[in-house]
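The following blocks contain the structures, represented as C-alpha cells.
You will see two complexes here that share chain A, one where it goes with chain B and one where it goes with chain C.
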Partner chain A sequence: MSNRFKALLSVFKARVGDPSRERDTAVERAEITVEDEEGKSKSRFTIRIICRHGVIKTYRLTFEAIPPMHALFVKANANNMWSISSRTLRDFVEHFGPGTEQLDIYSEDGRVSLTSYTEKIMSGNEILKQPLHTSIAIDSLEFAEFSVEELLHIVISVKDFKSIITHAGITSTIVKACYSRPASPMQLTYSDDGILSEFILMTIGEVRGGSATPAPNAPRAGPKRQASRQPVATASASKRATPAEMPPPPPRSASMRELSKTRDVRPSPPPPQPSIPSDALFMPRADDDNDKMWDPVNQEDDDDDMLLWGQGGGENDATVNSTRTQHGVTPSMNSFQSNMSREALDRQLAPTQRLPPTQKLSQARPFHRIKGMFDD
Partner chain B sequence: MRFKTSIRNIQTFSKLTASLSSLGKVAWVRLDDLNVRFTIIPETGTQVWASLSIDSIFEDYTIQSNAENNAINLELPLPPLHRALKSAINASSASIRLTKRDGVPVLSLTIITNTISSGNTANGFLNGASQDPFGDNAFREQDLNAGREREAVVTQDIPVRVLTADSVEGIHEPRVREPDAHIILPSLIQLKAISDRFTKLASATSTGAIRSGGANNIPKLELSANMHGSLRLSISTDALNISSVWTGLTNPLLDPNQVNPDGEGLEDHPSTLLRERGPDAWSTVRIDGRDWGKVLSVGRLGGRVIACFADDHALILYVYLANYEDGTDESVLTYYISSFSA
Partner chain C sequence: MSALAEPGNGAPIFKAVSSSARQLFQLLNCIRFSPKAQVQISNEGLRFSVEESRVMQGIVFLDKALFTTFNCTLPEAEPPEDDQDQDPVAPDLPIFTISLAALLETLQIFGAADAAGSRFSKSDNDGYGSNIRRDRPNAFSNQALGAAGICRLSYYGVGEPFSIILEESGVTTTCNLNTYEPESPEEIPLDRSAIQVKIIMQARWLFDAVAELSSTSPSRLDITAFPSAPYLSLSASGHLGSATVEFSKGRELLETFTVAEKWTQSYKFDMVKAAADAMRLASKVSFRGDEQGVLSMQFMVEVEGGSISFVDFRLVPFIREEDDEDDEDEYEESQESESNQDQN
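This part shows the complex of A and B:
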C-alpha cells in the first residue's frame, strides 16, 4: 500500500525542502483533477503544480477504482476513552526505541503505564539483540480526559502507534483513543484545521474472565477536561466518519486477513513469534544536537523506525499534512484501516510502475509477520 | 550479585556510549569497587580499553559479588544502552540496576522526568482564572507551576549477559613496545574533518581496479609525529598526494618511574633517540581512514589526547577525561590502533 502512496508522496516531497533554494520556482498553487469515466481506458489522478515564471509541473498518476475498505469500529461499544495533547503524547512515545512490536496500555491507581516489548524469544548471544523493553508510567492527569477500566490491558502495534503519534505531534492538537476489549479495534482520532485523521487499530491482549461487561471507571472529574481546543470538531467529524453499517474489510485485503488471523489464533498470553533479526536496533540514532558531527562518516542511519512524514522533523516537512491542507482533501492518510473514502482518494491510486494494478498485495510483499501499516 | 547506582552525569555517559559504539556493538563491562571499565574488541579495527573512575559517571554506587573487589562482568550491547540514555537526557534523575526480567538479566535504567504538558498548562490557567478572576496574576501562576509539575517514570531494560570471572580471565590489554614518539593531538574536530576529507578524496580518486580489490587496497592515511612538536597527516593515491602538518604541538615528558620502574633513566628510550635525530625524524603509522574516523568520534567527550607512535607498528591514543571532581582517580580511554604495513 505504501508503494502506491510513495508515488503520490514524491510529487510533493520536493516542495517541502529548503525554501530558499526554491525561491525561483516557488509554488503558487496546485490543481488536482481526477479522470475516471466509464469507457476510458485508464483512470488518472493529475496534479498540476503551478510555479512562478510560468513553470508548470504536471504529474499523472494512474489508479484503479476499487470499492473503499473500512475496518469495522462500533463506537457505541467503545466504553474506554482517553484524550491527551498530541505534543505531550509524542514526547512520551519518543522514549520507545526501535525493534519492539507490541505496546501494552493499562492504568492502575491514577498511573497509566505504556510498555513496549517484543515476544521474540532469544537465547545465547542473541539475548543481546533483544530490543529495549521500555515502560513509561505517567500520571493520568497528563490526559485531558481519562475514562478507562482499571487494569484493562490493551495491546496494539507500537510501530503503528508511533507513526500515528508522530504525525499527530506535528501540530498541537488532542489525540483521542476509544476502545472496548482486547481483540476489538481501537480508534484513534485527532483533527487540525479541518483535517480529520482517524485510525482503526487492531488490538490484542488478555481477556480477563469475570468482567465480560467492562465497567469503566467513572470519568475522571476535573478541570483538566477543558484542555482540548478542538474536541468538538473531532467528535462530530468522527461520528460522520464512522457509520455503524460500515462493511467489514473485504477478504481480498491480504494484510487485513493476516492481522485478523493472527489475532484469532493468538491465545492469551500470545505465543512467541518467530525470531526476526532486527538489525535496526544496532545502529545508533544520531542525536539531535551537534553531537552528530562526531559520528563516523558513511554511518548508515538504520533506524528505520522513524517515519515517513516530517523526515526533517519540522512542521514544514509535514508532507502529507501540507498536501491535504492545500487541496482540502481530507482522507486519513492510512489505507484500509482507516477511512479514506472521501473525495479524490475514494479510489486508491494504482502504482505507476513496478506493480501491475491487478497484482495482489500478498504478491507484492511477504507476509511472514504482522506488518506495521507503514512498513514497506 | 548486586549492582545499583545513580547516574551522576548522563551527558558524559551518553557521549561515552556513543563514542564506544562507533567501534563495536557489544562491550565487555567490568564493574567493581575501584572503577568502571568498558572494553571493545572488534573482530577487525581498533580496540578500546576505557577505565573510568566511578565518580566520573556514577554516584551512590553499590556493588556486591563473590569475586575479588566485588567485580561483576557483563556483556552489554551499546546501541540499546545509548538509546536508553537518550531518554534520560532531560531527566531529573536516573539510576541503573542489574536485575532480571522474565529470567533474562537486564540492566534496568529508571528515569524520572518532571513533565509540564503544554496542553494542560493553558487549561490550568483558565481554571485559575475562573476561580479567581481578579486575583494577582503573578501569584496565581506560581501556584499553578507548583501544582502541575508531574512525574513520568520511564524504565528502559537493556538485555545483558553476565560473564563469569573465568570467561574474562584470558582477555588482556594488548602489549605494545615503547613508542618512538608521543604527542598531544590538536583539536580532534579539526583532525577529524581533515581526515574524513582526505579519506573521501582518496576513495573518490582511486581507480576502479583499486575499488574492486577489496578493503586492503583502499588507500591508507599516513599519520606521523616527530619529537619536535609536529604532526603530519597525509594520503597518497595514483592521482594525488596531500598532507597537512600541525606544528607547535606538545611532546609531553615521560615519567621515568613509570617507564622504567627499576630506576633507569630515559636515555635509551626510543622517544629520546627520535628526539635526538631532529625534527626531520618521524615515526609513522598507516591507518584505515574509516576506522580512524570512528576513533576520533571520542572527541565529543572533550578529553585531552596523547598519541603514542610505535613506528610502522601501532598507534595508541590515551584520552584523558576531565575529572568530575578534583582529586579523584583519572578516567582514561585507551585506543589500540594497528598500523598497516606499507
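This part shows the complex of A and C:
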C-alpha cells in the first residue's frame, strides 16, 4: 500500500504541540479504517479523530495498492552485535560533523571508533566537497553488549544513522545493532512501549579477504550459524547449522548469491513461517527505479553456485535442492523482477520472500553514491 | 469658514486620538489580505473595507469608543440636511482609499505587532506566547503597564493625506499616507430576508477547523449545515485526499443554530483562510448564509481595554451546478455497488 507519506504525516504532525493548545479541541481517540474493496473505484485510508465536544475530524487519504518492498536481513549471519543505551548513543551522535556523509564504525583494543567523514570530491580544479573527518572513540564498556570482530570497518550513512538515533533517543531504550560484514545489511532495533522499531541499513566498506569467513574474537560472540542464513528454510535447513556435516563450507560470498537466487525463482515456496516477517523491514517504494536497485546483481555463475551448494549440502538439503532444480526450468529471473504478475506471486509468497534479498546491493554500487533513506 | 476645510491649514474634518495603536493594529490586521483599504469616516467611527476580486470582502469598524477623543466635523455643505441626517449613511461622508499595508506598518512601528509578528517566524513551542489567545489582553503588554504611547489620526479633506502621529516615550513618528479616489464602494449583498443558516459559535473552533483542513492544501472548502447531526461540517479535498471536520454535538458547540434544511455551499479555501486572523483573535463568530450562498462571518473581537469590536467578512460562493463533481461520484459509486450486488 502506497500512500503519500507526507499527507499521512500532516494529519498527525499538527497535533505534536497539542498540550499547549486549548483543551477544548483535545483529541479523545482516533479510529483508522481502510477502504479497499474490490469493485469499488475508490481506495481510501480513513482516519477519524474524535475530539472533545463531538468535533470529528475525518481524513480520507488516497492510496494505491502496490507490492511491498522488503529489505531482507538474515539475523543468523550477523555475528557482530552491539547494544547501547539510546541516550548515550544520542550524545555521541551529536558530535558528528554537519555535512558528513559516511559513518565508519570499528573497534580495536576495547576502543570503539565512530568516524563520520566526507570524502573530497574534485572536478578538475574545483573542489566540490571538502573532506571532513570527525572521530569519536568510546570505551567498549559503554556498550551494554559488545561483540564485534576487531578491526572490522563497517560504513553506513550518517544521515540515516542520525535520524534513527534521534528517534531512539526520545525514550530511554537500548539500541541494538547487528551486522555481519561490509556490504551486507546492518540491522538496528529498539523498542519501547509497544513500538518496535527496526531499520535495515546498507553498509559499505572494504571487503577484506579475512572477513569472508569472519571469526569474531570477542568472547561474548554467539555461536556462528552460517548455514541457517536461509530465513525461510524449513526445519531441515536449520539442521545444517552444524558445520561439521558440511565438509567444505562454501565461501560466504558465493552462498549469498545463491541465497538471492533461490529466493527469486522459487515458484512454490514452503508455507510462510509467522516468525519470519519480523526480520524484514517493510519498505514501500513508489517507483520502479528503486526496485531495480534492490535486485540481485550477479546472476551469471548460477551453475557454480548450484554445484557448490549441491556438493556442500547433505541429505538435509533436500528442500533446497528441489527448489533449485525447478529453477533450471524457470525462465530468466529478470522477467520475474520486471513484468511477471507480481500480485500473483505475492499471494503465494510469504512477505519476506516477495522480493530478492539485498545482500549484494552495495557491491554493485559505487560507495559514494549510497543514498540515505531519510530526506535532508 | 467654507464648507470644505482649506487644504492643509483649516481644521481637519477628522481628528482622533487613541491610547493604543496596538488595538487598531490588531483589528486592521484581520483584513490584511488586501493591500488597499477603503476608509469611510462618520460620526460613529472609521470603517475600513477591503475586497478581493469582488468575491470576498472584509470590513473593520473602528468605533469611536476605541478612541479617547474622536472629532468628526463633516462637511457642512447642506446644513439643514445635516441636522436631520446624523446617521452614518449620509451621502457625502468622506471616503477614500489608502494603502492598508503601509498603515499597518506604521501602526506597529513601536512594536505593537510583537505577538502577531512572531507568529510568522517563531515556533509555537513557547508555552505562553503560542497560546491561541496570544492576541488577547496580556498583563505584560505596554498597554497594561501604562507605558503605551498615543496615536493621533487626522484627515483634512479630499486629496489630503491621512496622517498618523505616533508618540511613545518621547519618540514621535509622523506618517502621511496618500489617499486615493475610492473604488466601487458596493457591498457584497447578503439577503437578510432569506437567511437560511445562522450559527453562533466560538471563533476558535472555526479557526481550529480551518487550520485542520489546510493540511490537505485544498482549493475549495465545502460547508454543509444540517438540521440534525452532524449539524455543521466543513470539508475540503486536495489531490492527496480529503478532510472533513464535523461539529456533531450541536448543543455543546454551537451557541445558536438555526438551519431549516440542508444547506451546502463551496467557497475558495484561500479566501476563507484569509479570515483566519480574525478567527484567532475573536471570541465568537456569527455565521450566516443566505439563499444564494453568500456567506457572512461576523467576528466579535474583545480588544485590550474590554471594548467589543466587530470584523465582518462576506464571501461569494462557487456556483454549484446540478451535477456537482462529488455528488456525481457518489452517485456513480452507489450505482456501481448496486450493480455489483445485482451480479452477486
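Assume the second predicted complex is superposed on the first by the 205 of 376 C-alpha atoms of A that agree within 3 Å, B and C clash if a C-alpha of one lies under 4 Å from a C-alpha of the other, contacts with A are read in each partner's own complex, and residues count from 1 in each chain.
Everything below uses one rule, namely that a residue touches a chain if its C-beta (ideal position, glycine included) is under 8 Å from a C-beta of that chain, and two chains touch if they have at least 3 such contacts.
The structure displayed is predicted, hence computed values, not measured ones.
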{"item": "Partner, of chain C and chain B, that touches more residues belonging to chain A", "value": "B"}
{"item": "Partner chain in contact with A:92 - chain B first, chain C second, else both or neither", "value": "first"}
{"item": "Partner chain in contact with A:144 - chain B first, chain C second, else both or neither", "value": "first"}
{"item": "Touched partner set for A:129, first chain B, second chain C, both or neither", "value": "first"}
{"item": "Touch list for chain A against partner chain B, complex", "value": "84-85, 87-88, 91-92, 94-95, 97-98, 122, 125, 127-139, 141-142, 144, 172, 174, 223-224, 226-228, 281-285, 287, 291, 293-299"}
{"item": "Residues on chain C engaged by chain A in the complex (per definition of touch)", "value": "124-125, 127, 130-133, 202, 204-205, 208-209, 211-212, 215-216, 230, 240-249, 252-253, 332-333, 336-337, 340"}
{"item": "Complex contact set, residues of chain B against chain A", "value": "15, 18-19, 21-22, 25-26, 75-80, 82-84, 86-87, 101, 104, 106, 115, 117-120, 122-124, 126-127, 150-161, 189, 192, 196, 199-200, 290, 293-294, 296-300"}
{"item": "Chain A to chain C touching residues, read off their complex", "value": "4, 6-7, 10-11, 13-14, 17, 20-22, 24-25, 39-42, 44-45, 53-62"}
